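Chain lettering (A, B, C and D) follows the sequence in which the chains are written, and residue indices restart at 1 in each chain.
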Amino acid sequence: MSPEERAFQERVDRNEKIEPKEWMPEGYRKTLIRQIGQHAHSEIVGQLPEANWITRAPTLERKAILLAKVQDEAGHGLYLYSAAETLGISRDQLTEKLLSGDMKYSSIFNYPTLTWADMGAVGWLVDGAAIMNQVPLQRTSYGPYSRAMIRICKEESFHQRQGYAVMMKMAQGTPEQKEMAQDALNRFWFPALMMFGPSDKDSVHSAQSMAWKIKMNTNDELRQKFVDETVPQAEFLGLTVPDETLRWNEEKGGYDFAEPDWAEFFEVIKGNGPCNEERLGARREAWDNGAWFREGLTAYADKAAARRAASNMAAE
Amino acid sequence: MSPEERAFQERVDRNEKIEPKEWMPEGYRKTLIRQIGQHAHSEIVGQLPEANWITRAPTLERKAILLAKVQDEAGHGLYLYSAAETLGISRDQLTEKLLSGDMKYSSIFNYPTLTWADMGAVGWLVDGAAIMNQVPLQRTSYGPYSRAMIRICKEESFHQRQGYAVMMKMAQGTPEQKEMAQDALNRFWFPALMMFGPSDKDSVHSAQSMAWKIKMNTNDELRQKFVDETVPQAEFLGLTVPDETLRWNEEKGGYDFAEPDWAEFFEVIKGNGPCNEERLGARREAWDNGAWFREGLTAYADKAAARRAASNMAAE
Amino acid sequence: KPAFFDWLCRMGDNSLILGHRISEWCGHGPALEEDIAQANTALDLIGQTQMWLGLAAEVEDAGRSADDLAYLRDAMKFRNLKLLELPNGDLAVTLMRQFLFDAFHFELLTALCRSSSPRVAEIAAKALKEVSYHLERSSDLVVRLGDGTEESHARMQAALDKVWPYTGEMFAADGVDEAVAKAGIAPELSELLPLWQRTVAQVLSEATLSQPDRDFAAQKGGKQGRHTEHLGYILAEMQFLQRAYPGASW
Amino acid sequence: KPAFFDWLCRMGDNSLILGHRISEWCGHGPALEEDIAQANTALDLIGQTQMWLGLAAEVEDAGRSADDLAYLRDAMKFRNLKLLELPNGDLAVTLMRQFLFDAFHFELLTALCRSSSPRVAEIAAKALKEVSYHLERSSDLVVRLGDGTEESHARMQAALDKVWPYTGEMFAADGVDEAVAKAGIAPELSELLPLWQRTVAQVLSEATLSQPDRDFAAQKGGKQGRHTEHLGYILAEMQFLQRAYPGASW
């Protein structure tokens, strides 16, 4: 470790925040770019499964809530891209990496939203799992990232409560609604568990990220915490977690539960999930179809600047 | 009149059929191309208002009937383009004239189909009016046209009965269905009357066309006949024809009725109807998007012909 | 009263259908800021729908709710302008439609703040704040894209030409409009026309776009329930859950 | 019996959903002959739907009709292959999907002519006549367009790559398939696979197209009611009138 690196690590250990213009190890910068970028991309792609139900939301109130949520997600994307930009990479560069498949987004968004109950399940389970990841990251060592996380967590926990409320309505509704709610839980349970990443024993880079306080907990810790919090919520809804092996373990003070199908996980990561092509296709199309729009705005800005310059010149 | 023209007119007067390779006046040929072409285009564009409800047909039976009808219309288009081709103009040339706006189609198809009852009204009134025009044309002087008309009339009258049956179901259905039926009649009544063309006093070219037996009756004759047949059908359905001036005229043995709004008629012809842009746009898009398909088939046919020629050569 | 109800449905259906169309862009916009702004506009419009249709339901006093009006009427009973149900097309069509409607909506709501109905005036005042921002944004984008690249100019001009014949319906008063104007609930639509024309002329000129040489009132009927073929598809999608699961609570 | 019902729904839903998708082309085809052929195929498929769902309704014996099954089930209860609900895309996607399904459908119906259920055998025999023609037409078009211009070749190859991962579901037997196979009602799906592969290999080779190097069974779930996001939109449109006017007669 070089003296600079040692000094850096000591600052991290003292819980000092690292700010954009300060020295940082290349690996720290790169890992952060990857992590924040992935998180930003997830917010953007994550709009799609929910946008899928906006035009079909069953009441005006639910439509408004869903619209507000999708809008928040775009906002989160914006904060996070801005945080990433402080590390020396532009939003357009990050977008191109997303669209080329170079950077990933959370694989949960490669699953389809098939019924209205999925708007509940996504809020409850997916946002729930995301929060579990994000709450500790409010204390992450990189200042802009930490501040973005603080703003985001506030909104996410609101989303999670709204999702749970939808789930409650469905679970307490007609038999068909209850069936949809159970089916949504069946479909999203394991993909939600996958959101914490592979088991610790298969997880690379973790130790360094934890030393740098980019990662605050291990994947398995967070997964356990999620299961422990979520199972009672499912019971309260009167729904059954689709895991026959699930039982309370008095000794460890937590649930024993089945691992997700990691083969499926890696297939989805590789691009063979149910919606990978739709999701990336939708984003590519949005980007390509929007080129004239972005170019138009840029051209206008250039012209306007030139006009201002000319009129300043004339005024002098 | 030249001797050829005189001989030609005498054949027409004797009800002889004129066949493709026989001599005919240029005006006769041109008028026929325009008339048959317009008729063909009407069949093609006429698919669109009905295709609009195929995916929303309320029962499997109704869906099948509607599909069969739209298929028939494409078939009629095919017969008519073939008849026009015997006059020395290709289907592609005619299509280009349609898409460029050079040739027209029946202006009735520039009105939208807004409810399922419109599937009834279109069959009953639009096909009804079409038949009124077409039945006499079975006796038209040009052989291929006359034969096409005979085939078409058989199917059209079937369509008209099916349309009337849909109307009957709606008129005898729930109050909402009856309301839709009445509304469809309200919207299609005057446009259907317009299908016979402007009043005789404003109609150009008619005398020559009638002498040539390209046109068999005047516009007003056919319109009167249509009203006289249709009004009792409307009464039988329990629906009200949207014409307060409508009343039986004992003396002439037919109904007195209001003229359609000819200003609207000419606006629609000019391109300002409710759906002109949608209809022509849909056909242009179909044509443009289909270019690769048509070119692919042509290229294959050329290759296959070349291969056959080569293998014949080798075999010799 | 039936005229008042009908007129309130026009107000509510306009915001509902335009909100629906804009919301189709969610997640598919050309830039993040644009995504956010579109979602925000849609959100405002759905909020306004709740207020207008809520009041319509009260006025009707037949036990229907705003949701019932939104989700259980078929196309013939919808009273929105045809302009607002047109497909989104490229973003140019969406933005041009938005601008042309915003410019009208802004004048209408401004006038409605002086409505003889305090309830109408109250809703209008709330909505006006939002719509002022919509107009600011859409006119700004029309200017910037009109005077942007050659392509963005061409797209904006084509969009303008396309939607222009649908704008006249905003000012075409019928019996319902006359009745509410007479009652002092709403302004005479003809009074709004010169205001709208001034805004439109100014923005288009700054945007280097030409006002189309076409009848701006060729397309009408939406306010009386005679729509384009597009509305039926919108409603099939929008109303699916309420239709498929009648009486369920969401 | 529940397995038989479920299996009949699979047969009927396949033809219903594919018929629906094809019918979207009506009036929008690239050439008149193609318009007619597409409408005809759609018509055949809707006719087959009436027979399969009609029998399903009889077997279920719960007072539901074929129309009830078609128009009053939501997506979770639909049993069609995911392949068939994919959007039409360009005509290349439509035709490639049609060919890959026709090749399977043909073998399946051929085997079903020997079904232990006389009703099934009877329907299969009727449908087979139509489907033989569908296969003839679609394989012919795949060959001609694959070996046509550079563009038509590229489009057909892209279409093949796109839909390929959805084809494996046709052969993925689950409990329902096993139950009906055991009862002699339907063949083992695994027996059909080599027949399908042979047809596909032959046609693709003649079409100068390459079989994709992708898992052909990556996409599954439709037969168990886990569909793509597209099906919900299809049903919203298809079922609108029955949902909006319950109990009406058409």
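The rule is simple: contacts are C-beta pairs under 8 Å (C-beta built on N, C-alpha and C of every residue); 3 or more make two chains touch, one makes a residue touch a chain.
Source: prediction; values computed, not measured.
K.L.:
Check B-C against A-C and say which one is joined by more contacting C-beta pairs.
P.N.:
A-C
K.L.:
Could you give the separation in Å between the centres of subunit C and subunit D, each centre being the mean of its C-alpha atoms?
P.N.:
That gives a centre separation of 41 Å.
K.L.:
Just curious, how far off is subunit B from subunit A if you go by their C-alpha centres, in Å?
P.N.:
57
K.L.:
Report the inter-chain centroid distance for subunit A and subunit C in whole angstrom, where each centroid is the mean of the CA atoms.
P.N.:
So the centre of subunit A lies 34 Å away from the centre of subunit C.
K.L.:
Considering subunit A alone, which of its residues make contact with at least two other chains?
P.N.:
Those would be 56, 176.
K.L.:
Check each residue of subunit C and list the ones that touch at least two other chains.
P.N.:
74, 232, 236-237, 240
K.L.:
Using the definition of touching given at the top, classify the network of chains in this structure as line, ring, star, complete or other.
P.N.:
other
K.L.:
Touching pairs of chains, all of them, please.
P.N.:
Those chain pairs satisfying the definition are A-C, A-D, B-C, B-D, C-D.
K.L.:
Inside the complex, what are the residues of subunit D that reach subunit B?
P.N.:
For this pair, the touching residues of subunit D are 16, 20, 23-24, 26-36, 39-40, 42-43, 46-47, 49-50, 53, 66-67, 70-71, 90-91, 143-145, 147-149, 151-153, 155, 237-238, 240-242, 245, 247-250.
K.L.:
Quick check on the complex: what are the subunit A residues that touch subunit D?
P.N.:
For this pair, the touching residues of subunit A are 52, 56, 112-115, 176, 179-180, 183, 187, 267, 272, 274-275, 277-278.
K.L.:
Can you name the residues of subunit D that touch subunit A in the complex?
P.N.:
74-76, 162, 165, 215, 218-219, 221, 226-229, 232, 236
K.L.:
Could you list, by residue number, the parts of subunit B that touch subunit D in their complex?
P.N.:
Its residues touching subunit D are 44, 47-48, 51, 54-64, 67-68, 70-71, 74-75, 77-78, 81, 91, 116, 166, 169-170, 173-174, 176-177, 282, 285-287, 289-301, 303.
K.L.:
Looking at the complex, which residues from subunit D come into contact with subunit C?
P.N.:
Result: residues 74, 232-233, 235-237, 239-240, 243-244, 246 of subunit D touch subunit C.
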